[in-house]
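Questions regarding the structure given below will be posed in turn.
Chain naming follows the written order as A, B and C, and within any one chain the residues start at number 1.
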Amino acid sequence: MPQTRSTLMIVMALTLALLLFSFFTSRGDLGSFGTTILSGLFLGMLYFLVAAGLSIIFGLMDILNFAQGAYFMTGAYITFALFHLPAFQGVDANLRFPSAVAAATAVGALLGLLLERGLLRPLYARPIFQLVLTFGVAIIFGEALKAIWGTAAFSWSPINSFGIHQSGFEIFGRQFGTYRLFVIAVGLVLIVLIGLLLQRTRTGIIIRAGVEDSEMVQALGINVRAVFTMVFTLGCAVAAFGGAIAAPFLGANLGMGNAFLLPAIAVVVLGGLGSYMGTAIGSLLVGLAVAVVAKFSTEFLNQTVWSSITPMLLLILILLLRPSGLFGKESR
Amino acid sequence: MANESRLASWRRVVQENAPYLAIVIFLIVFPHLVGWITGDSPFGVGGRPRGQSVFWQSVLIEVFILTILTMSYNLIFGFTGVISFGHALFFGLGGYILGGALELVGLSPEVGLLAGVAVGVIVCGVLGFAMGLVTLRLRGVYFAIFTLAIAEMFFIYFGRLPLTNAEDGFSLNALPDLINPTRNRLTYYYLTLFFVVLTFVFIRRLMHSPTGKVMLAIRENEGRAQTIGFNTLRYKLLAISLSAMMASGAGMLHVILNKKVGPEILGVTYTVDPLLMTIIGGVGTFSGPIVGAAGLHLSERVLNRQFVIGPLTIDVGQNWSLILGLIFVLVVLVFPKGIIGTWTQWRTRRRSSIG
Amino acid sequence: MDTSHVLEVQSIHTFIGQFHILEGVTVTVPRGSITVLLGRNGAGKTTTLRSIMGLTPPLQGSITLNGESLIGLAPYRIAQMGVGYVPEHRAIFKDLTVRENLIIAQRSARDLERRSDLIFELFPDLAKFYHLPGGNLSGGQQQMLAIARALVPDNQLLLVDEPSEGLAPVIIEQLITAIRRLSEQVTVLLVEQNFRVASLLADRYVIIDDGQSVASGLMAELVHDEALIQKYLGVA
């Protein structure tokens, strides 16, 4: 397909441009170049975990879930709180951390199920209110977290952290945390797993068919609403999981929701609403872009504000230049 | 003859708007009424803005400002069917531009005020127009995304901009005496009340004009409005520009009242508040924004304390946003037409069952 | 219970938004027949099929399949009771391969396996392009895929909307043969604008005009009734 080929050319050109820019601005310091790229991949994977659900839910159900970032944030808080719960301090950290992540993911799934079944399902006839409701739920999550844990940001104290978290490895003379590499690996595994699920299983076929025409899927004898619920629940669980595995590095704070929702939306728009491949590739591109800009602006402009607003600038740029995204079909 | 018919038409206007006129008259005498009851002068005590009357004036000024902001939000969301998740952008930007003109440019207070208001209103109108132009050809959700992203971007940017003193913001000291709320609280009260009435009348006339009818048609079914031959984009752009200008005005009134400009005026609160107030008051109604803004803000003021229910202690003030959010979800699910919409519906149903 | 009729639609009224689209449509479909809905554009033929399928549920009237009511059931339940739907404009899944388009229609794991001989005999092209995305097929092939998809599970009734629309004459002949063949196995309710195709295929007709069913009978009689044809269909 020629259209896909030209899209892939654009993707490669963008990636190459980012890499070259980063390479030349690191002035021959390969370590700095390498860590920037790895940071980009790390961020990209986290963006992917928020964006995957956002994109599939949007494609299938026509709901842009503005609460997706709040699920990420909730995942981070729950993992942090459980891991540091005084009662669990006797448990070995290497067991405590996976359990906390699993619990956070489960809570994310449960909250996703509640949101779809309890709040969104009555509103399929009024899509504007669904949108407004997800936005409202995002606010409620933030306020609830504030009411429980207060406004102070939590940072993971290295003393009682997971074994992997402390260790680092050297890349051309620069340290890079092994834990972040582990997150990159987990992200890659999930990209492949979700991709396989969509390509190879009957459920995946139903989801892809539903993205095209959910009414026709119904007419073939498939309970689409049940599929909606499942996809929404999984999407929220994956976002919460993302927050959970990000917590050892990022800690937990109330700004996280928007800090990950907006890049994830940028990813989804860049990839093309509803396109899984677009989401996967878009995540890495946006992650790389944010990391490259972050390093450039701290080193050359002596400011950190640019990296925080990079996702929004990207989003604005994409909407101006190519609102249908890289792999999208239509945006009207 | 001509005089008589003019008189008659005036009488009709008065009769039709009797409830609104009554409210406005009540609000005009309100500061004096409170002063008379409590014995605190509405002009302050001992030359300082103190006392019950002045206190209630500031509460109502806050309500007035939120009402203008909510009416502006209702114009796009309620009357035209466009969702914005970044209304704080216009509110905050208006405030920053006025603040900048007063404090950072070195103009005299009077010139700074006029320049700030003019530039702020125009910039916000143009910005709203441009944002609409980029995204309104696309599906509705893109405008929501775009507004959220730009508002968040400005919030972060001004939160770290050294020129405006980053997170701490800067205070307004160079205010012309006439509108200085510390010196002349009562004047400022009447000024904001005047702007509420102005905005209300403007929106009502707009919505009763042919232009307004097209906006309503767009909300009901944009495709059909297009089929009939209307350039719907043009009407939506008009609604958004007007809404942005009104919101910027509300932001200016807000920074003058608080004599302070800081990034919080660009924060999500000023997006969520008008959204909630519109929906709770009644989407697409004229009085809904007033009821929503007054109802929510006054309850926040009144309930701002701890409640002890059995073994439970609930700090309403601390958790106000959480409570608001829950009320909001409830309203969307159970009373999607809001207070005014539900009331009107109930009244017409009762009337038709009697008649 | 009258078992000679697979489908009985009794004076249904359907609204889309505030528009009253169907204002009393009655259609009975005898077992083993091909019944065609005729009428002008916008008369309500497609809405009748969609109402039977539960996609635009009627507010009044009754619909029964083999004596069982379909009113109030979700579309997927109606499909599971044995109603296959081939919508207009060849609504296949363009991003899915031919195989995936067929697999998704399975109601039990071996449906496709059981039916593949019939499907490939009727539509040999589908075997040729089995692993290509549906969007890469020609218009006629897409229409065949849409019909094949409805053949995968055991259906009592097929609802077929405008199968010949926009297809070349050669393809239409192929399609007529195919629909004839499959009507040996399943009852068909068809919407067809092309009067010649309709007269070649159908045993019975129902004319819908302005949201109401106004005439019905044997197709063999309709072709001689110039007056009726002129009045409702505007073709000579």
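Assume a contact is a pair of C-beta atoms (placed from the backbone, for glycine too) under 8 Å apart; a residue touches a chain by one contact, two chains touch by 3 or more.
In this text, all values refer to a predicted model and were calculated from it rather than measured experimentally.
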Each chain counted as touching chain A and chain C at once: none
Chain at the geometric heart of the assembly (C-alpha centres): A
Most widely separated chain from chain C, with each centre as the mean of CA atoms: B
Gap in Å, rounded to a whole number, between the CA centres of chain C and chain A: 44
Chain A and chain B: spacing of chain centres that average the CA atoms, whole Å: 35
Centroid spacing, where centroids are CA-atom means, of chain B and chain C in whole angstrom: 54
Residues of chain A engaged with two or more neighbouring chains: none
Chain A-facing residues of chain B, complex: 81, 83, 85, 134-135, 137-142, 144-146, 148-150, 152-153, 156-157, 160-161, 268, 272, 275-276, 279, 318-319, 321-322, 325-326, 328-329, 332-333, 336
Contacting residues of chain A [partner chain B, same complex]: 64, 66, 119, 122-123, 126, 128-129, 131-133, 135-137, 139-140, 143-144, 146-147, 258, 262, 265-266, 269, 303-305, 308-309, 311-313, 315-316, 319-320, 323, 331-332
Of all residues in chain A, those that touch chain C in their complex: 202, 205-206, 208-209, 211-213, 215-225
Residues of chain C defined as touching chain A within the complex: 53, 55, 74-76, 79-80, 85, 87, 91, 93-96, 100-101, 103-105, 107, 149, 153
